[in-house]
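Consider the two complexes below, in which subunit A is the common component and subunit B and subunit C are the respective partners.
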Partner chain A sequence: MLQTLLDRLLQTVVVLLFVSVIVFLLVRLIPGDPVDIFLGEATVSDEQRAMLRSEHGLDRPIIVQYGAFLAKAVQGDLGRSITQRVPVAELLGPAFLATIELVIAGTLLSVVVGVPIALLAAMRHGRTADQVTSALALFGYSMPTFWLGIMMILVLSVHLGWFPTGGRIAMSAGLERHTGLFVVDAIITGNMRALGSALQHLVLPSIALAAVSTASLMQVLRGSLISISQEEFVSALRARGLGRPTLWRHMLRNAAPPTVIIMGVRFGSLIGGGIVLETVFSWPGLGLLIIDAIRARDYPVVQGGVLVMAASFVIVSLVVDVIHILLDPRIRQGEAGR
Partner chain B sequence: MLLKRTVQAATALLLATVMATTEAAAADVTLVVGQAVRPTQFHPLLAPGGGRETRAIKRQIFDALVVQDDNLRPQPQLAKSWTIENDVRWIFELRDDVSFHNAERFNAETVKWNLERILDPNSTAPGASTLRTLIESVEVTGEYQVTVTTKSPAPTLLITLAFVELAPKNLVEEVGDEAFAAAPIGTGPFLFVSRDGSTVQLKRNDAYWGGPAASAEVTFTTIPELSSRIAALRAGEIHIADQIPPDQVVQLSGNVAPATATGTRIFFMAMNVNEPPFDSVAVRQAVALAFDRDLIAQALYGGRARPLNQPAFPEMFGYQPDLAGFRYDPAAARAVLSTVTAPVTLSVRQVDFVLAQAVAGFLADAGLKVELALVEDAAFNDSITGGRLQSYVSSWGVAEGDVDAILHPHFWSERGANRRYTNYANPALDALFYEGRSTTDSARRFAVYADALRLLVDEAPWAVLVNPMDIYGVSNDLTGWMPSPTGMYRINEARVGGN
Partner chain C sequence: MTARRFSLPPLYVTLALGFCLAFLVVGILAPWLAPLDPNAQSLLNRLRPPLTEGHLLGTDVLGRDVLSRLIAGTRVPMVVATAAVSLSVLIGVAVGLFSGYVGGLVDTVIMRLTDAWLAFPFILLAIAFVAVLGPGLTNVIIALVVSQWAVYVRLVRGQVLSLKEREFVLSARMIGVSHLRIAVQHILPAIMPSVTIVATLEIGIVIATEASLSFLGLGVSASQPTWGAMLAEGRAYLASAWWLATIPGAAVFLVVLAVNVVGNHIRDMVDPRSAGAATKA
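Now for the complex of A and B:
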């Protein structure tokens, strides 16, 4: 177990180093210059342009720029945003937490909705309930997040006025920030108004986000439950006269590992993949920040943002592996026997 | 047991949500502006100065010596009045009743310090390179009087100063630039409160020299996605939404309405004079004849655009009402363009794609084979400034309201390696630019630009198309607000729910 962890940590470092090189090069290889872009239509002399480039270190050879970036990055300094002139960490921190809050909410929602439905479908395998839920899953899977988001905004926000159209919290809620997860902050400061506002803002984006993950969760869990139900140990349990709830508990326990892996991978990819969702709901997360930074060729923000995304993906999959080991005694025993 | 607890918790949450909604409706009178583009930073002496969206916020916090009116002409702001001696000495009389939000006094010393920081060769402030070519020296000639001496007669000095917001000298020197950028302090009608990502909160400056604004709080927020911006407006979460395309105006009904202002953006098709077939003047002229500009303005912009026959619109200084200019003559265009056999590439960014399709359509009608190339924004910018595109559709904002501001950056032959565009250069035009920039005699300047515009219409490196209006979505709850052609939100008199 410990060995696995150490191996994975080493892998993480290698992956991050690799990602940093790729991002650093790619963002500089695509055409478009940050100085030119932020100057826009301003009348600026060539000398002033050169001055701005050197102010941001863009006139040095790429390898030197990368060295400087890496030397600072290992100390936790990701540089300063070219467009907003604040340390990149100050931009990434809140944006990262905004994304995490949304992804957690969406994942929780898909577990709460997906697990019972998958159970139902597996129990009624081949019957109407199963067919209906499978069709629903296909629907959730194939609906573009963008379209679903806009439709929910139009119906539930604009026409019915139940939920805000976007953003993370009402400014007037006066929330004190501690952890950066607004729901948590509202609870620890006892600010009910902020809690209400934060939850209200979370509803629509979480549903849009959960639509796809619920569908994949349902399908994987249903599939594993059905195949497990045909295994010998289930027949043996049945023969011993075990009641249905106990029987299903045993089956769920066996179906958990693949489901956890699917959800974990999904969780990790959502941290970096929510760009469309965050744009539709003006959710001030990592995706929105990075897409803005790419348009502006704000190199330090793009680099830092992609590194954070990569790091979280790697860490999440590490956590998933650990959970997998804990859940599946076969792997644990295999480890011990090695 | 567990179920019961869950139901209880859910009910509590729901109740909290409902309570929050009702409470918010009662207490929320903050005026909220939803912009499409995220602002950069607000320190007037640092780059980047940011585009219109950033300036619109900056202008609530800061004032300048002069401010543009709705005809884009400079009017007094922190300078009460000015006189010109010997064509080069500008004597500005300043307001004597102005303080910064931190109580630091505004006076002649403030102006001198700000301008000298911009004139410093190491400054990268917006407007620095222009001001350096214009200003010789800045002197304090009274507590509330500043004298600016220009290197030669400088007709564009005033309008340039309208883009130079003034920062408090003592505070900036004390806290440093980066700290000041994080918490900017000016003399404007609103105070900077906080910035959270792309949301900027401001509150009223009760001691504003021009009288306090009607709204106690103003928030600028960024909603990049158009449909989300319109939805937020219709749901009453924002009161002004910017950048509404003409084809979305139909969505603005019921509790919201469109509001338009004369736009300052000029759209054109640019042709690279170094590349065939556009190295031929006859071909360029024929291209310029191929467009039914009235139809473009009607069909593409629903009439919310003016067809242009020259690279200027009527509010601009130098616009020539009597110039024949570009016209529509499909037969004459066809006679030339149908002889061009090789297809041409017309590049465009996503935002202008529909216009480019129309342009390509007219050219195809005239017998020219056109291939449209969609290019990502930053890459497009890189290619046009490098002068590498055969032809492209683009636009230029002329917030300065002066012909010089669009012609000089595009056609002055020494515009530099970063402004190659069409690669067009002409010594005769250079001479006119020089003359236009070195006289404060308006009649003389007007005559100079008549010659320059005629020359550019004849040589046709650009086929100028239209000047669209700026369209905003406005909530019916908002009173006292009209958009301005300057793009700066004059929200001093605007408030939510007041009648």
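Now for the complex of A and C:
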């Protein structure tokens, strides 16, 4: 198992390096002088330009520039924002936490909704409840998340006024920030008003975000449960007269590994779908930050944002794989390769 | 997943297939089908609700006919989906075929790169590329190809690995058929069914992604009506004109749904085992 884990870790490091190369080269694809692109200096003379260039190492070979970029990035230095004139890392921190809060809420929601429905569908395999579930799943992953978000705003916010149309918390809630996750902050400071406001803001974006992942979760879990139910050990358990709850617990345990993998893969689209959703709900996360930076041509922020988002995706995949290895005794004992 | 999949009653599949074909036909014939000029403004007829006389789906804030814009808007997703998916298939299949067939170190390096590429969230890569290349039809297509090709490399390479040890390939080798001919004439046809299935399902993803890009203002230029851009414009008028954001979004949803229904059906028909896992990535 240790070997598998180490291999996986090494692979992650390689992928992270590759991600950094892509992100570094990406911004070099922009036509124009890097001085203008990175420093946003409006009017500079040729001497100033040359000075800036050597000051920031833009006159050195590209491989040296990459080395410098990587060395700085590892230390958390991602350059300065052109429009806001603060270090990029200062902008990324709170935005990252906002995205994390949304993604956690979305994931929890998918599990809470998806697992019972998948169980129900698998129990009623081939009958109406099952067919309705499959149709729902198909609808779920065909739904453009941003449209779902807008439709919920239209009906539930604009017309019924049940939820705010966007943002993360009411300004008047007076929340003290500690962790950056507003729900957690509200709970530890005992600010019930802020908790209510934060949750109210969280409802619509997390439902929209959860739609697609719930659909895949339902499909995969249902599929594995059905195939497991045809395996011999289930018949054996049944023959021993085990009750339904115990039986389903055994089956869920076996269906967990593939489901975790799919949820891990889906996490990427969750983060991705989040980019567009954050724009819809004015949710001040990484996605909104990146899109705003693209519009303002603030490339250091775009670069930093893409890097952080891709890196967190890679790390989440690692965590998911580790969970998978721990959950599946066959891999744990090194019997089955991947 | 070996479980039997739920397959939709054929009526739904037929309907979905009809819808896909209609989308294709409308996309091709858009300039002739639109009842009015999609860009003609009429300030007297601003924000007319659907079912207004002369404007079946109403008008937008500049008095432009929503139905005509919707029809004109089929063209971009159709062109983008066709071009992006076929180019991705072309590149992905070629690389995967090469990598799997040659094997060894080359294969290891290519697969490591592919895995790393797939480590990026798909839409993030597309957004990042359009951001640096700038909006426009070609750039959107490039961005989508860049973020998609790797899916096919994975799929094809895995199949080639097992196929190249099969008897029909080995016997072709023995009678002296060249490597290129074996790869193209013997192995390629065997992998095409699963590539077709994945490509069909990817069409849905590409259409949805194009709409997202247009919605974010990173799509094809503003002069060309697209569903995503219409949605973005309509967002500002949610309180006064519900149809502006509702209708184009519903169009995206229906097309993607129809493509997925057809794709799922093809998958269940051709091979219930092989395709399922690959498309989830």
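Rule of thumb we're sticking to: the second predicted complex is superposed on the first by the 282 of 338 C-alpha atoms of A that agree within 3 Å, B and C clash if a C-alpha of one lies under 4 Å from a C-alpha of the other, contacts with A are read in each partner's own complex, and residues count from 1 in each chain.
Keep in mind that, in the parts below, contacts are C-beta pairs under 8 Å (C-beta built on N, C-alpha and C of every residue); 3 or more make two chains touch, one makes a residue touch a chain.
This one's a predicted model, so the numbers in the text were calculated from it and none came from an experiment.
By the touch criterion stated above, A:L9 is placed in contact with neither subunit B nor subunit C. In the superposition on chain A, contact of A:I271 is made with subunit C only, not with subunit B. Look at A:V220: by the touch rule set out above, it reaches subunit C but stays clear of subunit B. Contact with subunit B, but none with subunit C, is seen for A:L289 once the two complexes are overlaid on the shared chain. In the superposition on chain A, A:S45 makes contact with subunit B only, not with subunit C. Within the superposed three-chain model, A:T279 lies in touch with subunit B and with subunit C [touch as defined at top].
When both complexes are overlaid on chain A, the residue A:L154 reaches subunit B and subunit C alike.
By the touch criterion stated above, A:D130 is placed in contact with subunit C alone, subunit B being left untouched.
When the shared chain is aligned, no partner comes close enough to touch A:I62: not subunit B, not subunit C. In the three-chain superposition model, subunit A touches both subunit B and subunit C at residues 30, 150, 153-154, 158, 279-280, 295. On subunit B, the positions that touch subunit A within their shared complex are 13, 16-21, 23-24, 27-28, 30, 38, 40-41, 43, 46-51, 122, 124, 126-130, 132, 178, 181-182, 196-199, 201, 219, 221-225, 227-228, 231-232, 234-235, 237, 376-379, 381-383, 385, 396-397, 405, 408-409, 416-418. Residues 1-6, 8, 112-113, 115-117, 119-124, 127-129, 131-133, 204, 208, 211-212, 215-218, 231, 235, 238-239, 242, 245-246, 249-250, 252-253, 256-257, 260-261, 264, 276, 280-281 of subunit C are the ones that touch subunit A when the two sit in their complex.
The part of subunit A that touches subunit B in the complex is made up of residues 30-33, 36-49, 51-52, 55, 82-86, 91, 94-95, 150, 153-154, 157-158, 161, 164-167, 170-173, 192-197, 199-200, 279-282, 284, 288-289, 292, 295-297. Here subunit A touches subunit C in the complex through residues 11, 14-15, 18-19, 22-23, 26-27, 29-30, 126, 130-131, 134-135, 138-139, 141-144, 146-147, 150-151, 153-154, 158, 216, 220, 222-224, 226-227, 258, 262, 265, 268-269, 271-273, 275-276, 279-280, 290-291, 294-295, 302, 306, 309-310, 313-314, 317, going by the rule given at the top.
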